[in-house]
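Data block below; observations after.
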Amino acid sequence: QENTDSLTYIMVSHAPDSDSWWNTIKNGIALGGKQMGVTVEYRNPPTGDLADMARIIEQAAASQPDGIITTLADFDVLAGPIRNAVDQGIDVIIINSGTAEQARDVGALMFVGQPEYDAGFAAGVRAKGDGVGSFVCVNHVISNTVVAERCRGFADGLGIELGDSMIDTGQDPAEIKNRVIAYLTANPETDAILTLGPTSADPTILAVQEMGIAGDIYFGTFDLGDEIVKGIKEGIIQWGIDQQPFLQAYLPVVILSNYDRYGVLPGNNINSGPGFVTADALEKVEKYAGEYR
Amino acid sequence: MTDTSTNDERVKEMSGLRRALIRPELGGIVGTIAVFTFFLLFAFDSGMFSPQGVLNWTTVSAQFMIIAVGACLLMIAGEFDLSVGSMIGFAGMMVAIFGVVLAWPMWLAILVTFAICIAFGALNGYIVVKTGLPSFIVTLATLFILRGFTIFIPQTVESKTIIGGIREAAEGDWLGALFGAKIGGPFFQWLGDNGWIGVFTRGNREGQPVVDGIPMLIVWAVVLVVIGHIVLTRTRFGNWIFAAGGDAQAARYAGVPVDRVKILMFMFTAFCATVFAVCQVMEFGSAGADRGILKEFEAIIAVVIGGALLTGGYGSVIGAALGALIFGVVQQGLFFANVESSLFRVFLGVILLLAVILNTYIRRLITGER
Amino acid sequence: MTDTSTNDERVKEMSGLRRALIRPELGGIVGTIAVFTFFLLFAFDSGMFSPQGVLNWTTVSAQFMIIAVGACLLMIAGEFDLSVGSMIGFAGMMVAIFGVVLAWPMWLAILVTFAICIAFGALNGYIVVKTGLPSFIVTLATLFILRGFTIFIPQTVESKTIIGGIREAAEGDWLGALFGAKIGGPFFQWLGDNGWIGVFTRGNREGQPVVDGIPMLIVWAVVLVVIGHIVLTRTRFGNWIFAAGGDAQAARYAGVPVDRVKILMFMFTAFCATVFAVCQVMEFGSAGADRGILKEFEAIIAVVIGGALLTGGYGSVIGAALGALIFGVVQQGLFFANVESSLFRVFLGVILLLAVILNTYIRRLITGER
Amino acid sequence: MQPIIQMTDIQKHFGSVIALAGVTIDFFPGECHCLLGDNGAGKSTFIKTMSGVHKPTHGEIKFEGKPMHFEDPRDSIAAGIATVYQDLAMIPLMSVSRNFFMGNEPIKKIAGIPFFDHDHANEVTMREMRAMGINLRGPDQAVGTLSGGERQTVAIARAVHFGAKVLILDEPTSALGVRQTANVLATVDKVRKQGISVVFITHNVRHAMAVGDRFTVLNRGKTFGTAKKGEITPEELQDMMAGGQELAVLEGSLGGTV
Amino acid sequence: MQPIIQMTDIQKHFGSVIALAGVTIDFFPGECHCLLGDNGAGKSTFIKTMSGVHKPTHGEIKFEGKPMHFEDPRDSIAAGIATVYQDLAMIPLMSVSRNFFMGNEPIKKIAGIPFFDHDHANEVTMREMRAMGINLRGPDQAVGTLSGGERQTVAIARAVHFGAKVLILDEPTSALGVRQTANVLATVDKVRKQGISVVFITHNVRHAMAVGDRFTVLNRGKTFGTAKKGEITPEELQDMMAGGQELAVLEGSLGGTV
């Protein structure tokens, strides 16, 4: 083996700078890097433009790291640059979005994560089981093509048309809150709310509280955060889909380090989610929400 | 001299009504009427005009108003500020860092945040005034710099980009209440008890009125609009604002302290952004690195819909407030009216265009611009 | 008359070197040198200057250049276009809708897209010119409208905000190749075979060089810069562009068809945005609603770093190209140098400020502006 | 002799302002026609309808006997009318020679492509400016660095250079020094003798008397009267210009005319 | 009598341009001092150093015997110097009365808070403008709708109204009609008699002779000469203004002076 003391891994995400969910990922790779004694770097397209992300992957490959950890937010856009990296001898692990098949297709070692559409679909099936027939999807990043897949999956899981039940709320909490209120006032027959992350979930919790329907309306959300955990505890939110971003970041660093050092590799893809977090067993979640959860 | 009367055969007559109507706010007034007529016709039974619905779009409009007042005065003074949105995110984050992470008393956290943000506003103004660079560029740089810090600081100190627990930290704080409380609670309870407004019939707030008070946010908006309007139209300083924006060189020649006026307006804009941010963190209890994105454009749009001239020297605070109202009502109304939400942007663009065309026409009537 | 010589005792002497240096591009040249020096010192062994690394930042810079050329000429003509980013998203989406969803032949899809986008550019220009509104407002409206459609259309027809399969649809299409192909393949193969550049070590492209050609994107950038520079400095139309931006009224009095010039520049900007978009979808194979967000600012920043005056009438295409190069190198270089990514914006803001201050100083030297 | 331009009953309204209430004047080749009148009388507005900046609200313009509709200053320039506007028409950030040839750029074909002939432009600019008594530091000096008078001289030199048939000067000497004024008046004289029709607006009775062949006084948007050279004394002309209103009484040496 | 302003060896450089190469002039109360000179001689630059727009590169300014450093036009206004600049100082979009009182807004206290006294401002504006021979449609008319001459009159009326000790007029009559010019000259005369020091810049020899007590001619940034009224003929003055260079020869009735 060549020198395996100073290994460098680069993580490339598709999230814009300020997206709070990815913070957990950053923390995860940082911890992984520290524990394994390797250098880890985090890069992302500042505006969340996937085409810019492709350039960053090319850039990462040019700097010849030992491995690249990246999402497969859009197969068309990212497959080329990822394949080029793989063919140069750089190990790649796909995390978060994309599917196991796509990961294999681009030549990645493995896939760690939760395909967005599938997660949405699973949530939809679950909600259908709970008797939900209609929903509103609160999308705070309408232009983000990855996140919207969750709503589409959810609708398909419920077996209904997405139609105009996905609302574009923008990122301002007051606007999100008031738009949700407006929508629910105008469509009182809505059974369920699906939020796509803490940014939209937090104001939505306030919205349902203010409308006095907290606990009455079926409320599910993706990803975790302080307020979401509190909401689950208080019974406002039925479940949060935790795809455990920490694992998506931490595990690849560990796997790549061990692969480079000792040549060992798990035989299968790892599904970090969807894990449904409900009111049971919330303690740890509560403590680390937003940081490692 | 024969023509000492103000009657002039070279001027066609203009009716008194027409003369009374032609004022900077006219575009805003017409727009407001149009917008309300539209929604009264098409979304009347959607709950938009129930007490709760009214509070809903009033709150959103009040938010816009707070930043629009600052943007309006600054725009009249001939500059504008693209860093408003970043400033909102930054201010909220500072409150959270001081108040939650460092656990300072909330009033201190808020005061220090105001001081820092106003200092940033002054810096913006100072750079613009001293270098003569367009404020577009200078504040674009500030936009990036502040947003960068807003992401970097919490990540470094807390390894999170959302910091919560502000509501708890502000519990019982007098200054916090000035931004986060609701007023008139007993009055609304009384209204509810008498059945004049709806009460919750189920859930955790059964028996309480659906509207339980007016948020301080709205109070702030009204106060800022009133003060802004009076300062602009009725004081010496207001005249300086117009002068600084109309032609800085000419104003300087006439003895107006243009630099001071501009810097003060940048500081006032920062003040408004901070008010916005503090109200927001008090209401939502958390500060996030993504707060306030694109708010600078929304402020500018409200101001322009309200009839101000982008190049300075002309405009009205009342107009800007009406612009904010129109913007808020349209935005919320489209949700009440169940319009496909991705078309919201299309509507916004179209309304913006129509509003500025109307305003330009009105302004030409008033100023006889060539 | 005694003073027929051009020697004038009222003018201090200026050295020939200084005179030769003082040109609109100087800021860009100095910046480029500074940036390269910096990265050569601090990121030399990071792979930034390997063939692959060079291609990486060259491609990014070329992207910026394509939109910067349009933005530069438009800015010199006195207007600017905030809808560039939305136009990029929209154009890409149109190619996908026509070429994939409607399955038209790719050349037709591309040509129709160009026609639509240039028509939108012309509409922007027409509204600005006819109403006399500031282009900031008009194109801000277009920004929202186009982005709204870019989200709405694919969601309506495909219930997705991303449409793929463009590369497959463009297979063998002559016009598609003009945007998506790479040139110089055999040359790079030869370089690779001789070991001068790295080759792939595994996979189905084993033995091929890691850099297998120069993307058409770069060719487009170079061609647009050269044409833009020649038109601006060496033709009658170029003089009209300067005149229209310097003082539209004066230019009109002197017989310059100002309206035509401005509308054409808006169309050219739309053309550049479309070139950008088509290159992008051809390379990546999919169009998404998130494409091009905030690109308008990046274009404006590149142009301003390159020495153009935001208010029009002054600037240089070469400068804008250097601005784009600086922007691209800094952006990618910071990744190579492994700078904390949230600080990227802080750097960007600081560089922007420094660049404009330098440029203002240079401009004052040149024009003797007061 | 046929008039080169006939303006008949020209009216121009701006919104509620009536700037011209019906003005009729003919202009002849080789003649310097002075337009005089109080501030706000409508002189600038009148010549702007002649040069295509404004479209008249009512009235007819005949150029060389044919009715003309100038949509744009371009059209009037193409017809051979050159104008020096009161609010000049210079681009401060552009060089003198680019300004000089703005809208009339000289072309040099290279490989069939028309390029701007900078050498020719620079040479002509330097020459023409020297003829007006201004020595430029160089043709690539930005107009913004010139003094007000120098700038006005550029505008005049440009108009004279391109004025094929009609030359309109709106208060060209207002900001000029004595020497420059003398040059401009001499230039007007020379141009007129070449058979060009000159329209000259001024508030200075003495300048008008020096070069004018005919004098038309406007007052409050209407023609107040026309006179030929020699038929009127400076004092009478000055009285007309003041619109018949008495002048403030001055001590000092202002013998009659201001 | 003590001079109110003493300017000693004033130099002003703009980058590589030397606009003033050392000018020394004293100004006395109750005297109208005319500054004359060719275009670009430095007249405007000189008075701008007096009114605090430019800081002199070198030289000393004494106001009422004490050295003064005007950092800003505000300082000079506070000291009692009012200036009408050549490139006016009007805000087109603002009303006439707001422009008139710009920087000197009248205050009316209501409940201790100082408010802008609009009624007073409107009344004074209408009165002062009428005194200059301009009848406004109303005090809230925007300045942008006035003709160039009307605008210049507003600037002059404003300066006269606020000019406590020194009144500087930079080519105030350049765009004015005969009647307005007569009014301005009469006003200068009246102001001077009140003991105010007037600095009057013009290119018109006759206007200078009409109101001036002393004449200083600048040439290429230097003092070319000074003369008292009565010691110099208009022809001699004109020769000095042209900087000693010969004038173009004119036919017509321009008897000697332009």
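Each chain carries a letter (A, B, C, D and E) given by its place in the written order, and its residues are counted from 1.
Rule of thumb we're sticking to: a residue touches a chain if its C-beta (ideal position, glycine included) is under 8 Å from a C-beta of that chain, and two chains touch if they have at least 3 such contacts.
Protein identities per chain, from UniProt: B, C = Xylose transport system permease protein XylH; D, E = Sugar ABC transporter ATP-binding protein.
Keep in mind the model is a prediction, meaning the values are calculated, not measured.
Trainee: Looking at chain pairs C-D and A-C, which one is connected by more C-beta pairs in contact?
Mentor: Most contacts of the two pairs: A-C.
Trainee: By mean C-alpha position, what chain is farthest away from chain E?
Mentor: Checked the centroid distances; the maximum from chain E is A.
Trainee: What chain lies farthest away from chain D once each centre is taken as the mean of the Cα atoms?
Mentor: Of all chains, A has its centre farthest from that of chain D.
Trainee: Just how far, in Å, is the C-alpha centre of chain E from the one of chain D?
Mentor: The computed centroid separation for chain D versus chain E comes out at 27 Å.
Trainee: Taking the mean of the CA coordinates per chain, how far is chain B from chain C in Å?
Mentor: Taking the average C-alpha coordinate of chain B and of chain C, the gap between them is 34 Å.
Trainee: For chain A and chain D, let me know how many angstrom lie between their CA-based centres, rounded off.
Mentor: Here chain A and chain D have centroids separated by 72 Å.
Trainee: In whole angstrom, how far does the Cα centroid of chain B sit from the Cα centroid of chain D?
Mentor: The computed centroid separation for chain B versus chain D comes out at 50 Å.
Trainee: Residues of chain A that contact two or more other chains, please.
Mentor: As it turns out, chain A has residues touching two or more other chains at 17, 142, 166, 168.
Trainee: Going by the touch rule set out above, which residues of chain E reach two or more other chains?
Mentor: Answer for chain E, listing residues that touch two or more other chains: 17, 87, 133, 145, 245.
Trainee: For chain B, which residues are shared contacts with two or more other chains?
Mentor: 1, 11, 147, 151, 155, 340, 342, 344-345, 368, 370
Trainee: Which residues of chain E touch chain B in their complex?
Mentor: 51, 53, 72-74, 77-78, 83, 85, 87-94, 98, 101-105, 107, 114-116, 130, 133, 135-138, 141-142, 144-145
Trainee: Which residues of chain C touch chain A once you look at their complex with the stated criterion?
Mentor: 46-48, 50, 52-53, 55-57, 59-60, 89, 147, 151, 155, 159-162, 164-167, 198, 200-206, 210, 280, 283-286, 288-295, 332, 335-336, 338, 341-342, 344-345
Trainee: Using the touch definition up top, name the residues of chain A that touch chain B in the complex.
Mentor: 17-20, 23, 26-27, 30, 142, 164, 166-175, 178-179, 181-183, 185-188, 198-199, 202-203, 206, 209, 211-216, 225-227, 290-291
Trainee: Spell out the residues on chain B that touch chain E in their complex, using ranges where they run on.
Mentor: 1, 3-6, 8, 11, 234-236, 238-240, 242-243, 246-247, 249-257, 309, 313-314, 366-370
Trainee: For chain C, which residues count as touching chain B in their complex?
Mentor: Interface residues on chain C, with respect to chain B: 127, 131-134, 136-138, 140-145, 147-149, 151-152, 155, 297, 300-301, 304, 310-311, 340, 342-350, 352-353, 356-357, 360.
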